[in-house]
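Consider the two complexes below, in which subunit A is the common component and subunit B and subunit C are the respective partners.
Take a look at the complex of A and B:
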């Protein structure tokens, strides 16, 4: 069996070494998990000020939405551009490029391993949330959970590809992580991390839906929290974005490698 | 003392020269800043749909808070982030040794070495929003309210700096390039909204434990002429405590510094 053109053995080795590496940094990863508290801060604001009703969510609905948003974010966070920039500037990229393994796949493995390390912390935070808001407790049905799981993976894929696009610019400029801010800003406001998108005025919502961002948090979080959502069109949009981004990253990467000057080597 | 001013001048003029090399960064920062501001004002406006208020704050006065936040965010981007996120790298690569050997206070050196000029537009824009929104909400400035505003901003900045420095200094123990300052940034985002809009427990935490209230809400109240003397006095004490603690913590952390690969 081959996965992304890699034998099963290679995949297993990549994942286990990256997992072992990530386990070394448990405290840091716990802090990272904690740094996702923004949805909870926003939840306390929306529910305290009784705004939820104006977009059709009571307090329990809001609590479930924001806990779901937190969880989706935990398993779709991407930091490839920062790792890549560091490796590129310090010259570590050169040996990676020589190996018969696409360097981006190494980062994919690192992200997946980091998500596995995050899992216990994310669960602990979710349990704490339920203890503080016992009335909001719910368990999604099995199909709901499965669909949310799938769409979170798709969300991760889109986010990873978007950031890889920026990372590939490292071949042209030394500070491509600064460009990442230009993706992060619309992501922050349009993804649904701060407010469910149903709160948006309809014209803003229309524009937002043309971007990939609502499918990164809002869509999976709505499935997980059991809110009504157009599942078919959501998945269609996710797959569409992936199929646009994969060739774009590929092309930009190939162009970039040709320009690679092996900094620091 | 004069030596320290001279050092800052040298640091920042070299920083300016080296940043001219990355002019594109200015443009990116500017775009990111405008986008962030637009987004936060939009989210804020969602709270006010249907004639509601946000924890007794009107739309205009809530904009003053956004202005103060933008101002402090600019200072963070200009001064705190470029300097304090570097500490972890010095520790990891062992170059902190060279800093410690220099005949100047190490905390000072680490805190002012760099200055990112891309943060300047945000600082200016933040202040402009503060004054514009304060006028819109019918505030009449007096020398007194301006003075209290400056003092409360100073209090806010000292607390912000101390908390950042505390977290950055903890990298003596936790060495990882994606640093703990991210947690702080997420929590400080709470400062975009008035403290009275939060549930009681969070109000307590954001006033005493992680004093977000002193960063944005209280300076905004100051320019609107609503800040009581008691809070200002308490802020002065709190900020000196935070600053003293950051220094003591740095001295303590250095005792545990073992340099890299030794």
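Take a look at the complex of A and C:
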């Protein structure tokens, strides 16, 4: 059995080893999970006044949206650029490049293992949220949950590919994490992490929808919270972005590797 | 360069240039560096050619920055050459084809591929899966290499808790798990104590004998080179200036040998001048430097002409000779 060209054994071994590694850092991961509470801050901010109503959402709708945004963020957060830069500068990338496994797949395994480690903390935070806001409690239907799960994985894939594109610039700039800021700022504003995209003026919304960012948080969060959303076009856009980014990362990686000088190694 | 089928590695007119930026010190230099950055190409390796046969153990010698590590990185495919050609077993290394990667390994002293917070065994099973080894094959191979490297419980302790020597041996085990036939070793004994160095050396020698693997080694420790490498390639300022066996290098570096004589009775120095250059004369002890072609005659005459208690012939230490060679920059 093969998964994305890898044998099941490679996938299983990579994931179990990375999970064991992540468990070594479970306290750190709990803190990272707690540090992702930005959607809750935004919820308390918007629910203090009537601004939330202008989004077309009441307090319960707003609470569900931001809890969903928090959960989607927990399972689509990406840090490949930072690990890659460190490995590249320290020379750890060199042995990875000489093994018959694309180095980026190691980072994919590390991210998936981290998501599994985050799961109990994310559930605990969600339960706490419901205890504090009992009126906002809801359980998505099974199809709703499945679609949200799928779109969150697509969101993770897009975010991973976007950061990999920046990470590949390490072969040129050595400090590509600085360039990651160029993605982070539009991500923050256009993904729906600070405010649901329905709050944006229509012109801004039209431009935002031409970027991958609304499909990283806003789209999966809307599905999970049960808000009305164009599911077909949302998934189409996610698949489109993935199909643009995969060859782009491939090309940039191949060009970059030619320039690799194995610094620090 | 004509490729002989018996050649495993062919390096032909290989060069590598690194582009570097030049920054002058001070605030003015910083501003100039920011607005008008000047870069230039630094030659790391220039026009190097040689061939290596299967099963050979070859040592690369050179001072820091000579270009030996760059050469090794190009041969294993880690970096792309600027010009020239490398062929390793019919593969172009920089293409990093899976079949090629399964045949080689690179070990770098003090650089690790093992996961820091997990025991080496976890990394070993990842490597086994990546190289397509079955669980049974992996177990047999790990046991075999662990025995050769004298590793036991260390493999189930977190890497961060291991000593440098234990870590290096675990790194070597991880690098050799897939039975590579070409080993690129860059300073594999760097930072190890004398005993650990000796164990790594004897392991590599044993590995070469058992598997017939080709070993290419850079090291600053002459003991590594003298113990393992019958053939050496000397690199100086990016250029090859010696390729041959270690003994011939020692002969060309040092055309003379030291003859130390212990006499029964003291003799004046004038009596020894005709035999060679007097290096030392102290009471009953004389040290002469004698050219190799006259050595037999001189020793025979000394034994006839003097009442001798002991006589010793030796080469100057090879590391001293190589050190002088790098300073001089040429072989005699």
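Here is the rule we use: the second predicted complex is superposed on the first by the 265 of 265 C-alpha atoms of A that agree within 3 Å, B and C clash if a C-alpha of one lies under 4 Å from a C-alpha of the other, contacts with A are read in each partner's own complex, and residues count from 1 in each chain.
Just so we're on the same page, contacts are C-beta pairs under 8 Å (C-beta built on N, C-alpha and C of every residue); 3 or more make two chains touch, one makes a residue touch a chain.
For clarity, every value in this text was computed on a predicted model and none was experimentally measured.
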item: Partner chain(s) touched by A:17 [first = subunit B, second = subunit C, both, neither]; value: second
item: Which superposed partner A:91 touches (first subunit B, second subunit C, both, neither); value: second
item: Which superposed partner A:124 touches (first subunit B, second subunit C, both, neither); value: neither
item: Contacts of A:41 with subunit B and subunit C, given as first, second, both or neither; value: first
item: Touched partner set for A:173, first subunit B, second subunit C, both or neither; value: first
item: Touching partner for A:194 - first (subunit B), second (subunit C), both, neither; value: first
item: Subunit B or subunit C, by number of subunit A residues touched; value: B
item: Subunit B and subunit C footprints on subunit A, overlapping residues; value: 25
item: In the complex, subunit A residues that touch subunit C; value: 7, 9-10, 12-14, 17, 20-21, 24-25, 91-92, 94-101, 258-262, 264-265
item: Residues of subunit A defined as touching subunit B within the complex; value: 25, 27-28, 31-32, 34-38, 41, 44-45, 47-51, 54, 79, 82, 86, 173-175, 178-179, 181-182, 184-186, 188-189, 194-195, 199-200, 204
item: Residues of subunit B defined as touching subunit A within the complex; value: 22, 24-25, 28-29, 31-32, 35-36, 39-40, 42-43, 46-47, 49-50, 52, 54-55, 174, 176-180, 182-183, 185-187, 189-190, 193, 197-199, 202
item: Subunit C residues touching subunit A - in the complex, by the definition given at the top; value: 18, 73, 76-80, 94, 96, 98, 101-102, 104-106, 108, 111-113, 115, 117-118, 122-123, 125-132, 175
